[in-house]
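Next up, some structures in structure tokens.
Both complexes shown next keep subunit A, but they swap its partner, so subunit B is in the first and subunit C is in the second.
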Partner chain A sequence: MTSLATEQTMSQITGRSVKLQRSIVIGFALLAALLVLGTILVPGFISPRNARSILLLAAFLGLASLGQTLCAMVGALDLSIPYVIGGANILFPSLLVTGMPAWLAVIVVVLLGAAIGLANGFLSFRLQGQALIMSLGVGFAFVGAVQLYTSIGSDYGGTVFAPVPDWLRNFAAFNGKTFGLPLPPVVLVWLLVTLVTIWALYNTWFGRSIYAVGGSRTAAARLGISETKVWTSIHGISGAMSALTGVLLLGFSGGGFVGVGDPYLFTTVAAVVIGGTSLLGGAGGYGATVLGVLVLTVLTSLLVGLGLSFAAQQAIVGLLIVPMVAVYARTAHIRNQI
Partner chain B sequence: MTNDVAVSMTAVAKSFGETKALKKCDFVARAGEVHAIVGENGSGKSTMAKIMSGVIAADAGSVLILGKSITSPVDAKGVGLATIFQEVLVADEASVLDNLFVGSEDLFSLRKSSRERESVAQSLLDRLVGKPVDLRQNVGDLPLSIKQWIVIARAVLRKPKVLILDESSAALDLDATVRLHEEIDRLRSEGCAVIIVTHRIAELVRIADRATILRDGFTVGVLEKSEITEANLLRMMTPQDRQISAAASTSAAGLPGDRKEALSVHGARPQEASQPFDFVLPQGSIVGVAGLDGQGQDAFVRLVARIISPFGGEVRILNTESTGLVKVSTLDDATNKGIVYVSGDRKREGIFPQQSIFENLAIGIYQKNLGPFGVIRRKKLKQTFAREVERLRVKIGHPDNRITSLSGGNQQKVLIGRAFANDPKVIVLNDPARGVDLNTKRDLYRELRLFAEGGGSVIYLSSEIEEFLGFADRVDVFHKGSIHRSLDGPDINEETILAAMFGRSVADTMEFSKERKAH
Partner chain C sequence: MSQRFGFPALDRSLAVPLVLFAVLLVAAAVLSPRLFTATGMGGAIIVAAPLILTTLALTPIVMAGRGSVDLSVGPLMGFVNVTLIGWLSASGYTSPLAVICWVVAVGALYQLLQALIIIYVRVAPIIVTLSSFLVLSGLNLMVMSRPGGVAPDWMMTWGAGTTILSPVLIIVLAALALWAFMRRTTFYSHLRMTGADERMAYTSGVKVNTVRICAHLLGGVFVGLAALSYTALISSGDPTQGSSYTLQAVTALVLGGANLAGGRGGALGSTLGALNMFLISYLLSAFSFGSVTGFVTQMAFGLILVASLLVNVFMTARRTAF
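Let's turn to the complex of A and B:
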């Protein structure tokens, strides 16, 4: 009897989804360490003002990283995200210029983003050996085509100026207010999206299918889960979320600029990895990515507070990713797969 | 005599995770003998072969090859040990000659001129294959059987002092087996210790000088030449309790003719070369599917489950009112109409390794518990999980533990639970007992029998003839892409099934058995 009991406890210790819990613990520890460092090194780091700016920037990154997380969960990477963000960021104001009502323009841009994502997903699924270059190519083609459109009648289509509607400005700008509270509504939207996503990944057939396809394609296929559908739809979600991020960023910056999405190539992938979702698929989740987003944003804020130039920030974040990934990647599962 | 000992293993133990493959095994093989290691699947015989050849290390006990202890396959080669594994490991892009001598000499000590070694290789390979082989051609263009001979010849050319054959003759036909045995005789007379790992009893009765029998990870005995008989081997290989129950169920087996058809396949053509044929699964029966490798039986069971439909075949299943048969078109359709598929290839097409035990079972039944927007109703799932774990006697710690924390047998039970949880009408199993322990097999047979008694129907593919004995109501034997013979009643025995697997007819069976005994 005792041996059976020990066997059971042993398996409980060794077998439970240790990896995810471990990465969440590490994530929280990192976050706490960064906050402590910031408090010591940067005057006014822990202040409502700084918290608000961190949350706002985190919200943009968080929304953009949702699609990247889903893609990583099936072992894909969506490299078109920065281009869809940039494209949406100039397409939206140029639609406003044509006199299209803002609400309709939002819908058009987000649907277009979804369509681009679906196309990207479908093509990269069919050409899986070339999935990475495929998503880059689709992103390039989209952002190029949008610039062709916005440059009609002008010399350069990379920047577009249009009167940004007040509600959008309030929605995503630093001094935006939600029901009188000094917090831009986009942060609450992100919170809502987070809750819905986490719930849906666990409680819907679609959510479970994503984990199944990521865990074992063949086993999923035997259960009648269509890998094509799952793969294509999550790329579609990723495209829609990128386009939405691009629209919201217009409210933040006030003017359309095609390069606004550029940092998101690195940061969306980094947020996913820091959160602990394996890029090989099958495990992880959006909650983990939210943690990764916060770590990354607090880190950037700390570096800004220390007065570092953008170039220096880039160099440091780039270097820090190495030890961070090393800590996570050293789990047995990934070692076995490589 | 002690200086003649080629291999000695004492009190060897080995575990894989929670599975104890070897508990306490002793083994001694002498130079110049053919020594068989016999046991059922899961008895630990392959593990023993792997430890001997240095592929894996034992957890406890001592292993000496020609007086030395070895820790890697390279060590093993150094002391003069060669292993022929089940898998056919050849480099398709290289010539036959290169494949024969790969790794056999190092660059600085070419002992023989290339012409000399070529002629040695040529005569050996011709002798083994039974016809001349061009050593210059690419291995990739050759059929599987010749590839297998290349692997065997590669080992023989090294002039090993110890040669291990791990189920090597599984895919060889009868003539080929004879030639292999001649080669083994030759090696024995040269003083080589030949160790054969097999569960094919008839084969080793003919050629083994001694046999060590494993059961559930223990050495249960060593037989000398005069004692090696089928009866003795079977008695020692099989645990007591199953000997009785197997006998009992054999007498109870048999199919009344008036059963309803649970499923039928019309014009099945699993392989391009298949003659289209029909298949009927009577309700409440267990139909075994057998065949040598690549005779279409594997494609056939996948066809029934609608996973593939390569060259045609219409599957029909009894409708819900049990009044008539309805067509089953796709995999989804098959699932909805009550056909489930369980694979023995757990790693590849069964488990989700990063998910919990609970999730691995529940993923199969979510679709039946969906509300609006695909939202899963979780209330009933826990009950179903508990019911299946209880029914199949799955040994689990916590349901949230990873599936990979379980032994192979218990993982398979979870997958079978996934199948049962769908309340299927027909279960299609593709070699489910591959690599699982005896207890799991027994639980599996019992549950499938209960399922059949409750009106369910079972298609059971196995690569081991022994599995059908006392279990299947009918065995359909595949040869060249279609059902060659349908056996039932007393015809379900090792000799008849084996003869049918080699494409022999009814009248031929006796002759076939004589041939085998004669060799």
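Let's turn to the complex of A and C:
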């Protein structure tokens, strides 16, 4: 009886990893296909210039999707990401206006983001199925409060004018340079974050705990893993990464704007899903999401190169999600679930 | 248990939205009594109707379970709106019958398509509706690149909102009547069973696929009616604003006590949730916050949402303790 159960679990686990590998193979194939298509259809698609812009945009999306990936791995969705990004994007310059040194302001904003994320995780832990609505509520409250704070004594709501420090501009702008190389440092930061995250997910107690909680809550609890701690901390990480993305986007755009995070509400989810992390938890990883981010960004760049409007791009990305997911993340028929 | 709250016939999950509704009504009566005049009430109905109807559209779909929050209701309402103005009216079909058939048919057919994808492609519903959100938001802008067009002549007076008994109120009442009728069918109990535990429902012989299709069709009809009242509200076509109704409707649904995990929810709760959302923004606009009104409203929505979710958790925890 026990051995049968173990065997079944084992086959489920191998089944999952085969699925994940399949999604990664498909991801690479898609990426290659998109690059080939781009080379054929769009002149100058494979050029250092275009590669740089793709990597830069992918870096922002990738950093913002880190928290979403971790949340998806335990079956949650963090809908506060766009609001924390937007809030950080206007809070940071308004802190600079008060005379706070830039390095301190970065730390304050990122810590505040982490605190918001922790609060979100702590409050939503008991809600499980409705956790995404809690994250939405926390996001609304945060962005509303930040906008109130920044608009005190100012006539402009939603936008903040402050000189962006040169180092931040160089860090995240299109023509930024790393040690003389024509690549914005934010791309290297993303690479570093990716390597650390992938390593940590597979080699640390915390990383394995995330998979354990996502896979089976009961089993995780039996192993002495605190579900509350895992759940709360990944939401904290998500908040911190969103705040960081918001600060970095300021260097990219040059002016604080609260709506800057809005596209990230659904693109982070799309990147996670295209990468192959199941929204139900227990399978996937950040490596898969990085692939999803690259597919999404290259696809967008291709569509822009073809001269399609934003509306058409959105529609095409939307149309592609279902078939992409259907390739590897189909659920079993109900009669096989009993 | 429920008798302690004084309304034994009602679902306990309605306690929070009812109390909130009463508090908000009293606050409105004190702060801004013009709501309770014929014009105030008429205007309120016109403004609140699209949200009430989109929330109603979400209700059966969420109740069917599998975490199927339909993210596409907002853009779908926008799609019906822009195709009504941009295609149907522009081609000369403006009779009330043609318009009503169009809105209901487009809403229902699109939801049927979504249900079939969810059932036969077997992808998680939230992924299907997320992709719908993106596709429809894009399509809306392709049908109509900027707000414009005019609603059919006979609809122009609907949006005035000078009397309580406006056609928009009749649309809302018709939707509620449809729900009341549906509650008396076997479909309703099958819907609740499927949402509560799909495997159990399947093994008990419930045709879960048919239930899911019907839930989406019903939701589609409500989206169509929502688009009708929305068109009456703005008297034109708007490709982008409709999308913002998704998050509002999900918020209203949760404020109304429905469970996003499925199995629990109802038209009364959803209507109350949507009315509460309306009253909150109405009350906040009664204060003179000046240029920051939007921010205060957003923050208040967030805080009320958090608080109402926490109260719901507290009450469920007590229920299981007893």
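The definition used in the following text is that the second predicted complex is superposed on the first by the 312 of 338 C-alpha atoms of A that agree within 3 Å, B and C clash if a C-alpha of one lies under 4 Å from a C-alpha of the other, contacts with A are read in each partner's own complex, and residues count from 1 in each chain.
Throughout what follows, contacts are C-beta pairs under 8 Å (C-beta built on N, C-alpha and C of every residue); 3 or more make two chains touch, one makes a residue touch a chain.
Computed from a predicted structure; not experimentally measured.
Asks: Please indicate which partner A:230 is in contact with in the superposed arrangement: first for subunit B, second for subunit C, both, or neither.
Replies: Neither partner.
Asks: Tell me the contact category for A:219 with respect to subunit B and subunit C: first, second, both or neither.
Replies: first
Asks: In the overlaid three-chain picture, which partner chain does A:208 touch, first (subunit B) or second (subunit C), both, or neither?
Replies: After superposition on chain A, A:208 lies in contact with subunit B alone.
Asks: Please indicate which partner A:266 is in contact with in the superposed arrangement: first for subunit B, second for subunit C, both, or neither.
Replies: second
Asks: For subunit A, which side has the bigger count of touched residues, subunit B or subunit C?
Replies: C
Asks: Could you say whether A:244 touches subunit B, subunit C, both of them, or neither, answering first, second, both or neither?
Replies: A:244: touches no partner chain.
Asks: Given the touch rule stated above, what does A:283 touch, subunit B (first), subunit C (second), both, or neither?
Replies: The first partner, subunit B, only.
Asks: Considering only touches as defined above, state whether A:147 meets subunit B (first), subunit C (second), both or neither.
Replies: After superposition on chain A, A:147 lies in contact with subunit C alone.
Asks: Output the subunit A positions appearing in both contact lists, the one against subunit B and the one against subunit C.
Replies: 333
Asks: Give every residue of subunit C touching subunit A within the complex, in rising order.
Replies: Going through subunit C, the ones touching subunit A are 67, 69, 117, 121-124, 126-128, 130-142, 145, 198-199, 202-203, 208, 247, 250-251, 254, 259-261, 291-292, 294-306, 309-310, 313, 317.
Asks: Per the contact definition, I'd like the list of subunit A residues that touch subunit B in the complex.
Replies: For subunit A paired with subunit B, touching residues are 7-12, 14-17, 203-206, 208, 211-212, 215-216, 218-224, 282-283, 333.
Asks: Would you tell me which residues of subunit A are touching subunit C in their complex?
Replies: Its residues touching subunit C are 77, 123, 126-130, 132-134, 136-145, 147-148, 151, 155, 157, 266, 269-270, 273, 278-280, 309-322, 325-326, 329-335, 337-338.
Asks: Touching subunit A in the complex: which residues of subunit B?
Replies: Checking each residue of subunit B against subunit A gives 18, 307, 331-332, 335, 341, 343, 348-356, 359, 363-364, 366-367, 370, 373-376, 378, 396-398, 400-402, 404-406.
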